[in-house]
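Pasting the structures here.
In the two assemblies presented below, chain A is common to both, partnered first by chain B and then by chain C.
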Partner chain A sequence: MIVDVLASVMRIEVLAPWILGMLLGVFVGAMPGMTATMATAILVPITYYLSPMGGLAMILGTACVSIFAGDIPATYLRVPGTPSSGVAVLDGYQMTRQGKASMALSFDLICSPLGGLVGFILLIGGATALAAIALRFSFYEFLWVAVFGLATCVIISRGTMVKGGIAVAIGLFVSTVGVDIVTGYPRFTFGNVNLLSGVGFIPAMIGLFGIPVVLRTIMTPKRMELPSVEEKKRFSIGDVLPRVVKHRALILRSSLIGTFIGSLPGAGADIAAWVAYGVAKRNSKTPEKFGTGIEEGVIAPTSANNAGVAGAWIPALALGIPGDSITAIILGAAMIYGLRPGPLMFEGASGELVRGIFAIGIMTQIMLIPIGFLAIRAFSKIFRLPNSVIMPMILLFCILGSYALNFNMFDVGLMFAFGLLGFYMERNKIPLPPLVLAIILGPLIERNLRLGLMQTGGSLLPFFTRPISVIVIVAIILFLSWGRIYQLICRLRGVNTTQE
Partner chain B sequence: MNTWKLDIVTGMGSIAFASFVLIYAIRFPEPRGADFGPALFPRVIASILIILGVLVLIQAWKLRTQPATECEPDPLDEEIVASFHGLRNVAVTIIVLVIYISVVGTIGFIPTTLVMLFVLMKTYGVSVLRSVLFACLITAFVYVLFAVLLRVVLP
Partner chain C sequence: MKRKPTTLLMFVLSTLLVASIAVPGCAPDTADYPTKAITLVCPWGAGGGTDRVARFLADQLSNELGQPVAVINQTGGNGAVGHNAGALADPDGYTLCISTWELSILRHMGWSDIAHDNVRGVAMVNLDPAGLMVHPSDAAAHGWENAVDWIDYVKQNPGLEVSGTGTGGVWHVALLGMLAEAGVSADQVEWLPSTGAAEGITWLLGQHIDAVTCSIVEAGPQLEAGTLVALGTMSEERLAAFPDIPTMREVGLDWQLGAWRGITVPAGTPDEVVEVLHDAIHRIVMSDTWINWMEDQGFGQFYLNSADFDTFMAQDYAAGGALLEAGGLI
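Coming up: the complex of A and B.
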């Protein structure tokens, strides 16, 4: 069986596009503004000239590698390469500021494929079972999952909870700009056609994280001649491996979280990374160190986001429902190949293709290590240039990243506006991550709240009484109060928790 | 500016912004027989924002009487040491970027980007020769990557 699968994959018409896709993934991931979704959309027309297996291998290679490569600029420059790397700006960037960028990236390089492997193993072993759980979620549960994501983000961010709440409220407001999804009424567009489709998430994210870094650096001229990334000691994979082994439970837990969140339709690798980070902080003996450049803060999100990519394939293959925007595009392409994703896809000729996808997914995680290693070496050389050269380059990438999505200069203006907002927020110790996550989750929360209310004629009761809702609410309460529960358990056992 | 003064700006700003949202949302149409039209969500958010704004003002008022050492140190705090050169850098950057955004569509990506990178690097203290060299290299790299390999339409 395995030999047959490998024989179907080890062909030049599959391997060549697969490797090309992975190399493309490095650039797409490392360039702010270029997302894995965008790369998939660009690749689909090319894949029509390839065999279905070759086309899917190319897309899968690009998606997995770009999710990892997004951590490179997030760690070096605090500009996330893809939305899934938003969390890497926290501890990853702090490690860079402490001269330990190579350590942070080595963790990414090892833990990202490990997370992906767990995700693909779960995909192989339990695609149908996991998809069945994900399918039971309705408006009510999705609302709570989104609220859970926001609550996690407010708690894990630095600064007071009230200021975290303000960041969430601003983000949720930003998400309401544009044509109303239910009635089609244009909200807060002020007659500007560019705002009809809403405020672009990518320009907002690039501006919020990228521009404050540039402004802070150019305001202090003595920092201009310093290299943009300084290394106190270069860490190799060998140095980091024992620490990875030490954190094996964290990697496994984060990968499981990533796979499950990724398998929920509408929740992708980005949300998976945030939730995994939040859970890691909650379970940590030193939660106050999260955000200051701690190993666990790098390991948890990087394991989860690549697992999330695999998780998104679970409902896509088992039920024909895309788990994220990448699989949505792939499903569209698969129909053109003449394939019908769903339970029947695991049988007959298309069954061979599904097993091929599993094999390529696992091979991609293994190949990610050498390709990622070369990518880190190449980018670290660029980022050793002085700030006076790097800052104009970051500005150019911020401009192109926000322009490239819609080919619209209005988005570039929006990016700068968010940059100034981000600069003010940081000065006033208002955390940026909750704002970013609220922009992502805002439409999900609003749609499910309103559709849920419409279905019940305005009653809020089903949001609290449906069995799965109750489970999710209990999970949220347990998560939010875990610190106190843990202390109580320790007190009952007679363990001293003052140091924790 | 002290943290508590910035907090007052944040609190007042949040309340003013939320009030604007509440007033602006009055004009949104309400579907017949239901109370969950396009204004529902913005109203909920604005109401929460007003409460949070008041809480920030209360916190700021309490912080005012506390010594500065009790505030949580922030890892980004010590970074900015504003000077004349620093402010000049910011002013030139903003002017250059506004000009870039306005003219790049007419003049074209390559010449505008070359000039923008050169002017910014020169302002930040890079020598003329190195500025020209890096401006050419970065522009060429970006053009090949975005326009040639990824087929992204550049401005």
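Coming up: the complex of A and C.
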């Protein structure tokens, strides 16, 4: 059967649009503000002229590759190419500053497809079971999942807890801007129509990370002639492979986290990447090195976000509910071809399409390696230019990226405002990641808390008594205090806790 | 040899430059409209239903008019950003907007000053009727077979939870209208605002809520799989794709509502321009290409000419305001 499925996708009318789509994915992912969703929407009319399998291959190829390619500008320029690459600006960019950009990107190149593979294998093996679990999540459980996400801020900003708290507070405040979901009343919009649906996340994120780089470089003019990225040693895939093997447990764990979070409707690859980063730091023996350009800090998020893309397919195929907007578009296209999500998905023509999606998903992960390799090569040439060229380029990327999203100059202004905020925060050593996380999670926390309270008529009890809620709460407590608990267990057993 | 591509590029670029200077030079003459590229503003995100209709229509429209028609997505504010951009553009026929039902409530909800009187309708092209969906196990347990059964149950057991979209959104008003028609006060059910129909459907599948109002098409996959059942459709007649779902009128409720989409231009656009656009769109919606595509995609086909569309928008605006007020939202 596997041979039949492979034969159905290894044909020129499938392969040609597939590879074209993957190349487009490189461009879309590496260009801040151009989202995979946008590319997928534009591709759909083209797929009407292709065979069903060719169309699906083209869209899936674009979507999978762009999530990886988003790490490229995040690592080189500190401007995330997609929302899911927000975490890559932490350790990935620090590696670049230490002249190890090719190492960071080689990790991305190997771990992205590994994460994607784990995600697709889980999708193939357990879509129905996982979707059934996801359905049991109601407002009460989602609140705690979001709180779990926010709890990673505590881990990320360890050592600067007060400043981390300030960043979270700013982020949560920013997330309250916009129409109140329950009453429909506009909050903090000052009559401006552009703020009705809240502060745009992508312009805010691009500005926060990108603009401070430019401002800092301008303030030390003597560095303008120097290349911004100095390559001390070129790392090839062969150099990093042994280290990838060493971190196999981390990759597997991050991919599982990514798949699970991706499979929850409403949470996506971006949240998955942050949580995986937090968990990796939590479990690390050297958590203080996170954020300074550590391997684990690159590996965890890049494995998780690709797994999250596969995870989004779980509710889509099992329930007919897309986990994110890309899946929504592909699902819409696939249903025209005869896909029937739900219990009947493996029957007849629908089964052929589902197996095709599985085959394409897995093959895309493998093909990602050569295509990603070419992409990294191409981009590394551009980024070895001197600062006097790179800095205007970052600025251009930031402006284009925030404008292209919505063709709206307001977003460009917003991007600059957040750029100044980011610059000011970094000068005062206030960490940026908690701010970004709070902007993502704020609405999720507010919505689920308020909807839950509406449902219970104001009682908080179900938030603490429902079985899954309790499991998530216990997970949060363990996550935050594992170090102490571990010490306690060791002491009880009479083992020396000091590690060699 | 190596220089050649650059020379060619320079040639192309300079030609384009000259051409771009030349275009504004021609005085806009409505007689031979259109003479340049047209922009179609879509107030909703790339890949959504409105975007898909907009992109297909733009493609067909550029064939009809002989000028490129580019779709740009200007999203935000429950459609307010895009509708503002469409209504406040120059009234020369070069900026169109694919308006949606939300145009009828933006001003009522205080999200924007824009309403139907800021635009002129060119043609309505689509209408997706709402439906009332419940979980099959609830339907079996309480013997719900149509909307009236459900409403009778609500009268006995107030406080059922319903979702389908955000507060004041189209499917919320669909529920409010149905309840008003049945003489049930809006506070007998609780509306849990969701980010869209998909989220509401997820909650219903997990039995976290009691019913969903959204378009029948949006719940299509679940209805076909039997994981949800529809108690009624808020359309004039039964739907061809779902002939088993009774209409509201069949069970004695005179209530219809659907999410509509149509092309509008800013108020003050000359009659000749509206006429050219309308005739082109009329030819498109009558074509087999359009009919087949809409059918494949599951979109409801519904056409109104410019004058009827204007009247329809005015009525929809008045009706929406009354229902929002009765529902205690404004």
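In the analysis below, the second predicted complex is superposed on the first by the 477 of 500 C-alpha atoms of A that agree within 3 Å, B and C clash if a C-alpha of one lies under 4 Å from a C-alpha of the other, contacts with A are read in each partner's own complex, and residues count from 1 in each chain.
Please note the rule applied: a residue touches a chain if its C-beta (ideal position, glycine included) is under 8 Å from a C-beta of that chain, and two chains touch if they have at least 3 such contacts.
This structure is a prediction, so every number in the text was calculated from the model and none was measured.
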Have a look and say if chain B or chain C is in touch with more residues of chain A.
B
Quick one: classify A:Arg340 as touching chain B (first), chain C (second), both or neither.
second
Where does A:Met454 make contact in the superposed view: on chain B (first), on chain C (second), on both, or on neither?
both
Contacts of A:Trp313 with chain B and chain C, given as first, second, both or neither
neither
Is A:Phe407 contacted by the first partner chain B, the second partner chain C, both or neither?
both
In the overlay, answer first, second, both or neither for which of chain B and chain C A:Val44 touches.
second
First (chain B), second (chain C), both or neither: which does A:Val182 touch?
both
A:Phe260 in the overlay: touching chain B, chain C, both, or neither? Say first, second, both or neither.
neither
After lining up the shared chain so the two structures overlap, which partner does A:Phe137 touch, if you call chain B first and chain C second: first, second, both or neither?
second
Chain B and chain C footprints on chain A, overlapping residues
42, 182-183, 185, 407, 454
Can you list the chain B residues touching chain A in their complex?
3, 6-7, 9-10, 14, 18, 21, 24-25, 28-29, 31, 34-38, 40-42, 45-46, 48-49, 52-53, 55-56, 59, 72, 74-76, 79-83, 85-87, 89-90, 93, 97, 100-101, 104-105, 113, 116-117, 120-121, 124-126, 130, 134, 138, 142, 145-146, 149-155
In the complex, go through chain C and note every residue touching chain A.
45-48, 51-52, 55-56, 59, 72-78, 80-81, 84, 109-112, 161, 166-168, 190, 192-193, 195, 198-199, 201-203, 205-206, 208, 221-222, 224-225, 227, 296-297, 329
Would you mind writing out the residues of chain A in touch with chain B in their complex?
24, 27-28, 31, 34, 39, 42, 94, 97, 158-160, 162-163, 165-166, 169-170, 172-173, 176, 180, 182-183, 185, 187-188, 214-216, 218-225, 291-292, 385-389, 391-393, 395-397, 399-400, 403-404, 407, 409, 412-413, 416, 426-430, 445-446, 449-450, 453-454, 458
The chain A residues in contact with chain C across the complex are 37-38, 40-42, 44-45, 135-139, 179, 181-186, 193-197, 200, 265-266, 315, 319-322, 325-326, 328-329, 332, 335-336, 340-344, 406-408, 451, 454-455
